[in-house]
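Here come two complexes built around chain A, the first alongside chain B, the second alongside chain C.
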Partner chain A sequence: MSHGYLSLHGYLSLSGPVGSSGVAAPHYRGSRYFLMALAAMVLGFFLAMSSAWADGGTGVPNAVPPKGEYEGKNVEQPIEFPHNIHVDVNKINCMYCHTYARRSKVAGIPPTSKCMGCHLVIATDKPRIKKLTEYWEKKEPPRWKKVHDVPDFVHFTHEKHLKRFVFDNEGMSVDRVPEVCAFCHGEVKKMTVAHKVKPLNMGFCARCHEANKGPFDCWKCHK
Partner chain B sequence: MSLDNILTNWSRYRKGAEEGGFHEYEHQWGMVVDLNKCIGCNACSVACYAENNLPVVGEKRCGKNQAMNWLRIERYWDEPDLEPYKATPTANVDAWIEGNPPAKKTELKPSMPSSYLPGLLELEGKSFTERVGFDGIKSEFQDFGASFLPMMCQQCHAATCEPVCPVAATYHTPDGLNAQVYNRCIGSRYCSNNCPYRLRYFNFWSYYEDAWPEPLHMQLNPDLSVRDKGVMEKCTFCIQRIRVAKDKAKMEDRKVIDGEFSTACVQTCPTGALVFGDMQDPDSHVSKLWSYHQVERGKTKQSKENKELRGYRILEGLNTDPSVLYLERVREV
Partner chain C sequence: MSGNDINRRDFLKILGWSGVGVAVAGCDRPTTVTLEEGKEEVVAYLQPEEYVIPGVGVWFASTCQQCPAGCGVHGRVREGRVLKMEGNPDSPINKGKLCQMGQAGVQGHYNPDRLKKPMLRKGGALAEVSWEEALALLEQKTGSASGLAGDRFAWFTGTVSGHQSVLLSAHLAAMGSKNHFIHETINNAVVRAVNQDMLGEAMPRYDLPAAKMVLSFGADLVGAGASPVHFSGEYAKFRTGSQRGVLVQVEPKMTLTGGSADLWVPIRPGTEGILALGIAKQVLLGDEVKLAGLPENIRTLVTGYDVEKVASITGVTGDRIMRIAKLLKERSPSLVLAGASVEGHAHGYQSAAAIMVLNIVLGNIGKTVLPSGSSAFPQMEAKAGGTRDLLALADAADKKALDVVFFHGANPVYTAPAALGLNDKLKNIPFKVAFAVYPDETAMSADLVLPILSVHEDWGTHMGVYQPEQKSISIQQPLMERLYPDTKGFGDLLLALLKVRQVKEYESFADYYGYLKNAFAALPASVKGDAVSDEDFWGKSLQKGVLNVGTVAGSLNPRMVEISFPEFKSDAQEYYLVPSARLGLWDGRHANLPWLQEAPDQISKVVWTSWVEMHPATAAKLGVKEGDFVKVTSAQGAVEAQVYVYKGIHPQVIAVPMGQGHEEYGRYAKGRGVNPLKILAPVTDAKTGELALYGTRVTVAQSGRREVLVKLMGSETQLGRKMVSTVTASVFDRTEGTKNVT
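Take a look at the complex of A and B:
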C-alpha cells in the first residue's frame, strides 16, 4: 500500500538521533566507524519500520485501520463524477463537499449549488459539466445512487469517527482526512465514481473497534 | 459486548448488588412513576407506539394476548366492589380462536383489570364502546374506583431474563439497561417466560405487513428497526434517544445533562407522572426522588425511617433490582 511507504518516509525523516547519526555516516573515515554507522542506519530503519507497523501501515497516528477487502459492483451514477480529479489532482478536501460528515451521522451529498459554485466558471466546456449545468438549469438534482449503505439496523455516525481519528487525534491534520476516509471507503481519490471496496459488515466494524479500543456494546451500533 | 466479556463477567452480570454484581456503569438510567399523578389516559402508551415502531396488531390478535404494548396501563378496581369474574376468560379465547364466539351468554360483572383480560373486547355482541359506556349507554364498569399502573420494562439490574437467554441476545449494557439485540435473538422465548412482570413481547407474526399499509409506513421511526416475526422485543427506555443525547454530549465534550432528553412516554405524559434520568448523577430529578423516598438500589427490602413515604418497587422481593420506582397512590378513606 502506498500509505505504508508514506509513513515510512515520514518516520525516517523524523527518527531523531539514530536516524541523524545514519545520515552523518559519510563524515567518518575508518571502516570501523563506517560499520558502526551502517549498524546505526540498519537499526534506525528497523525502528522506523516497527513503529510504522505498529500504526498498521498507515500515516494516520493512533489508528489501526480495519482490514478487509470487498469487490463492489460498479454503480451507475447520473453523472460519472471523477473523484480522482477533485481529490488527487486538485487536492480538494473530502469535507468540502461532504460537509456533513463532521457534524452529523451522514456525510451527505453536496447540493448542485455547491457544484455550480465552481463549475459556473471552471471546465464549463466538458461534457460532464454540461450535463451538470443542464440539471442546474432544469432545477432538478441529479439522482445520485447510494454506494456505501449499511443495513437499516445499524447506527453509524460519521461525526464521532471523524472526531476520534481526525479532530481529537494528536498529530493528525485535517488536510490528511482522505487517509481516514479510506479506512472504510477505500482510496476514493483513485476512483472516478466511488464503488464499494470494503465489506462494511459487522466483522469489519468489530475488528476495527477491537483494535482501536472503540465501544464494544451491542446497543452502541445495533438498533 | 464481546464474547470475552460475556464469558469473564457472566456470573457478575447475574448477581444483584448485594452479592457484588457488575456495577461499573457509565450511566444508570432510571424512572419514577408517580401513581398519584397518573390519570390512566394512555398517552404514554400511544407515544410509545409512535416512537418505537410498535405495530397495532388488531382486535383478534390483541385478544390472544399478542398486543405489542411495550408500555401498558394496567387497570385495577377498588377492593370492596371486586367480584370474581364469572365468565372464564380462557374458555372465551379458545372459542374465539376456533372462530366460534361464545354461544352461552355470560354474566358480566364489573371486575378485574381489563388490560389483562383477553376476550373482553367483544362479548355478548356488544362492542367495546358500548360496554365502556360512551354515548350515554350504561357502563359495566364501576363509575369510580379505578387505579392505574403503567408498566414498562423495569430494566432490572439482576434481570431474570438475561441469564436464561441461550444466545446472549439480552444482556446488560454499561448504561445499566437491559438490552435486547434483535439480530441475535433466535426466538426461544425463555426470557419472556422468566420475566416476572410479563413485559417482554414476542413477534408471533410479521405484524408490520398489516400494521402500516401505505402510506402509513412513512410514519416509521428510522432510528429503530422494524422487527420481524420470531424475535422478542421490549421497552428499551428509548435507547435511540439516549444514543443521540450521548453522541451529542460526546461531540461537545461534556456529560449528558439531566432533562436534556427524555423517553417518549415521559415527554408525552400530560400530568408529569413520569420522570426519567440518570441515577448516577446525584443532582438529577430521579435520584433526588429515589433518595427522598428512601428507596435504594440492590435491596430486596427497603428499610424506611418514614413509613409514610410512598416509594416502592414492584416485586423487589424477587431480587430483580428494578430501575423503576413507583410512588404509591394516596386514597381518601
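Take a look at the complex of A and C:
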C-alpha cells in the first residue's frame, strides 16, 4: 500500500468519474506543442533507423508466444484511429501513447492532450484529425469502445508482463515492444482500430504461463 | 432483486436466452458489464493531472464519521472514485487502524438510496422541490424577518465537533436560541456525569497499558464503546506488555470485550454497583493503613457490604468476589471501568459512582485514571450526546414549545421508545427540517428534507469524543466529486443559514471551503509548526489530515458523592431486557450498509436479521430451541424474533440487538428484523435523566413458528476437530512456566 501524500486542492476540479473526462481547460501553448511534435518526429526517425525494428525480426528472446486465435468483430469507433500509420509507417513506440502500460495494470487510452501534442501541427487537414480537433475544442474526449477486456475476477497487469518480457528480459530492446504487445493484441500495427484476434481466456493465459514459467497459483490472477 | 418486476419464470426465460450475465442484471437490456467487444466504453482523460495513472490509486487523508470516535482515515482514490478506507497512521486516535464500520463508510457514500433532491411536504406527502424554493422557505421560516422567537427554535443533532460545531453555535446565537439537543443512543453520559462530579472532569484519560488488571463492568472497550479503534490498540498494549494484563468483565450479556476477558462474570442487571462495593470491602479487609487513609464517608459506605450480602444480591458467588478482590490487590495499579450495562438503570449514576469508589479505594486515580487536560480550542471539542435530550425533545414537542427544529446526524424517530410517543408529539412542531444523507425515519417524517453531501464529498473538521494524550483536530476533505449535483455540503448550508440571519462575521465567505481555509490561516503559530505560509500550512494540513493542537495540563480532584441503592427484589416471572449494542450496526445508523448487515455479529454470528439471545437454562425453561420465534413483551409493546441460545448471558436476561427494525432507511435496512428500543420502558436514571436502556422487564412466549436462524458457524464447539488447539491453564503453567492467570 503506497500512500501518496497529495493535497486535494486542485484535484477536485480535474478528475472525473470513471468513463468520463477530466474537465480542466486546455492551455494552448504553441511552442510547447511544437516541441512535443518535433520530439515525436525525432523519435519516429530514431525508431525507423533501428535495426531491431525491421519486419521479420528474430522473435522476442526468452519468450514463447502464446498460442490461440480468435475471430473478433469489427468495432466501430468514434474515430477510425489508424494504428498502422502510427506504428507501421511512422514507427512510434506503443508505449509512447499507451504510456501507463509500464506503470499500471491498465495500458490506458492516451489522453486527448497527447493526440493533440502532435496533431496541432501534423496532418491537420485530414478528416479524422479534424474530427479529433472538434473533440478537443469541445473539451470532450472521444468515447472509445473497449475491445480487449478480461473479467473483473481476473487480475491482469500490463506492468508485470512488460517487466518480464521487455524491461527485465536480457537481450530484449525496448523498441521491439510491439512484438510483445502482439502476444495478446495481435499485429496491431497492421490494423486501423484494434481488433480482437486472441482469445484472452484462461486457457490462453495458462498455456503461456506454463510455456514461459509464469506464476501458476490460482490467486496470482484470481485475487 | 425486490426492486425489479421479475418473477421466477421470467428469470429462467432470460437465463435461457441470454446467459447468466444478463439474467443477473434482472432485465432484458444489455448489461454494461461484459467482455464483448465494442459494448463497454473506455474514455481517456482530456488532459490528465501529472500524478494520475489510471489503475493506480492515490491516497488522501480525511476523517471517519461512522461513529463519534473521529478516527483519521486515508481514502484510496482511483480515476476520480473513492474505493477504499484505511486508518491514518498520523491520527493519535486510531494510529493507522480502522474498524469494520469505518471500512464500510465507502458503501454509505455509494448507497443507492441516498437523498438526491430537496423534498417538501405538500398535502401530507413529500414532493421534490428546487433548492431555490427550499432555501426561500428556510429564509421565510427562520430568517430575520420571520418573527420566529429564539426559544421556539432548536437544533437536534448527533455528536458535533470542529468548525461545524462552531458554526452551529453561531447559528443558535444568531437565532437567539439555547436549544441544542444532542442525541446518541450509544453513549457514556452517566459515566461522564459521575466523572464530572467525582473527579472534576467528564472524560478523563484511561491509561490501559499502565494497568496490570482491568475490571470492567460492562464497558465494551473494543466493541461499541467511546472510541473502539483507539481502545483496541490500547487493549493490545495492555495484553502484550512486559506483564500481560488480566481482564475481568462483569456484565449481564457478553460483549465483544467480554468475549476477550480472562474471566467473564455474568451478573444480575443493575447490581454492578453493589458488587463494586463488595469487592472494595474485600480489598480493604485487613489493610488498616489503607482503610484509615480513606475519607470517612467511603469507609462507612464500604463496610456495609459483606460478601454474603453482595453475593445474594448480585448472584455472583462469594469465592468469585474474593478472587477478583485478590487479583486486584496483587495487580496494582488496576483500572475499573463502568459501561452501558451499569448506566442503563434508574440507579445507574449510583452504580457508576460505586465503581468509581472502587477506583479510589484501589488508588488508581492519578495512575491509570488520568486528567485529560484541555485543548486550546474548547469550542471545537466534541459535544457528546445522550438520551436525555431525546426525552427533552419529546417533552418540548408535547408542550408545543417549539416551532422550528433542524435535525442533523441523529434519527430520533427510530431510536425513541414507543412509550415516548415521539411520532405524535413531533406533529406539534409545525416546521421540521432534516439535513440528511439518507431517507431515514426522521427525514421521512420531516416537513422539509435537505439532501446533504456524503462524508466523502464534504469538508469538515472533527475532534473525537475521546481524546488521547495528544489532542488533535482531524480534517475531513472531499475524496471525490459529488455524486449528485443537487446535494449541498452541511457546512455550506450552515453558512447559508447564518447569511439568512445577516450575521456579518460570516457574510464574506463564499463557501465552507473558504471559511475553513480562513479559519486555518487564523490558527496560532504553535499549531502551524514549520509551515512557511498560510497556503503551505493548509496544504500540509490536508496532506497529514490531522492537526495536533497541544494539551493544557489538568488535574483530577477525587470527591465523594451520595450513593444509595434501591432494594433489589427478585421476580422470577420476568426477564431483564438488554438492547445490546454492537460494533457494526451501532445504534441502527449502519443498517443500510450491506457489508455491515452481512458481517456476522461478533458473539452470535447471526447475519442480516434480529435475534433473541438467551441462556440455555432459560431456553430449556421456555421450551424453545435456536430458530424458534418468540415474542418478547414489555408493558410498552412487543417484538418477535428468532431464538439464539448462548451461555454468555445471565439466565434472567433476554438480549435483543439494536440496529434493525427500520421502517424507512432504504432498501437494505427497511423491514428487516426488530427494534428493541421501541419496547423500552420510559425509565430514566434518577440523577442524570438519561434513558435507562437496561431498565425494562419483559416476558417471553413461544409464537409457534420456526425457521433456520441464518448465521455463520453451525456449531458452538469444534466437534473435536482441533481447528483451534487449546490447553488447560494448569498444563500451560507446567509446560510454559508462566503464572499469568490465577
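Here is the rule we go by: the second predicted complex is superposed on the first by the 165 of 223 C-alpha atoms of A that agree within 3 Å, B and C clash if a C-alpha of one lies under 4 Å from a C-alpha of the other, contacts with A are read in each partner's own complex, and residues count from 1 in each chain.
By definition in this document, a contact is a pair of C-beta atoms (placed from the backbone, for glycine too) under 8 Å apart; a residue touches a chain by one contact, two chains touch by 3 or more.
On a predicted model such as this, the values are computed, not experimentally measured, just so you know.
Participant: Figure out whether A:Phe165 sits in contact with chain B (first) or chain C (second), or with both, or with neither.
Facilitator: A:Phe165 sits against neither chain B nor chain C.
Participant: Using the superposition on chain A described above, determine whether A:Glu210 touches chain B (first), chain C (second), both, or neither.
Facilitator: first
Participant: After superposition on the shared chain, which partner residues are touched by A:Phe183: those of chain B (first), chain C (second), both, or neither?
Facilitator: Neither: A:Phe183 stays clear of chain B and chain C.
Participant: Given the superposition on chain A, which partner contacts more residues in chain A: chain B or chain C?
Facilitator: Comparing chain B with chain C, the partner touching more chain A residues is C.
Participant: Touching A:His222, do we find chain B (first), chain C (second), both, or neither?
Facilitator: A:His222: touches chain B, not chain C.
Participant: After lining up the shared chain so the two structures overlap, which partner does A:Asp152 touch, if you call chain B first and chain C second: first, second, both or neither?
Facilitator: Both chain B and chain C are touched by A:Asp152.
Participant: Just chain B (first), just chain C (second), both, or neither: which does A:Glu140 touch?
Facilitator: second
Participant: Where on chain A do the contacts from chain B and from chain C line up?
Facilitator: In chain A, residues 152 are touched by chain B and also by chain C.
Participant: What does chain B use to touch chain A in their complex?
Facilitator: By the definition above, chain B touches chain A via 1-2, 5, 171, 173-175, 177, 179, 181-184, 222-225, 239-240, 243, 247, 250-251.
Participant: How about chain A: which of its residues touch chain B in the complex?
Facilitator: Touching chain B from chain A are residues 152-153, 155, 157, 159-160, 163, 210, 216-220, 222-223.
Participant: Write out the stretch or stretches of chain A touching chain C in their complex.
Facilitator: Counting only chain A, the residues touching chain C are 1-12, 14-24, 26, 72-73, 75-76, 100, 103-106, 108-113, 136, 139-152, 196.
Participant: So in the complex, the part of chain C that touches chain A is made up of which residues?
Facilitator: Contacts found on chain C: 33-35, 37-49, 51-56, 58-60, 74, 77, 79-81, 86, 477-481, 538-539, 542-544.
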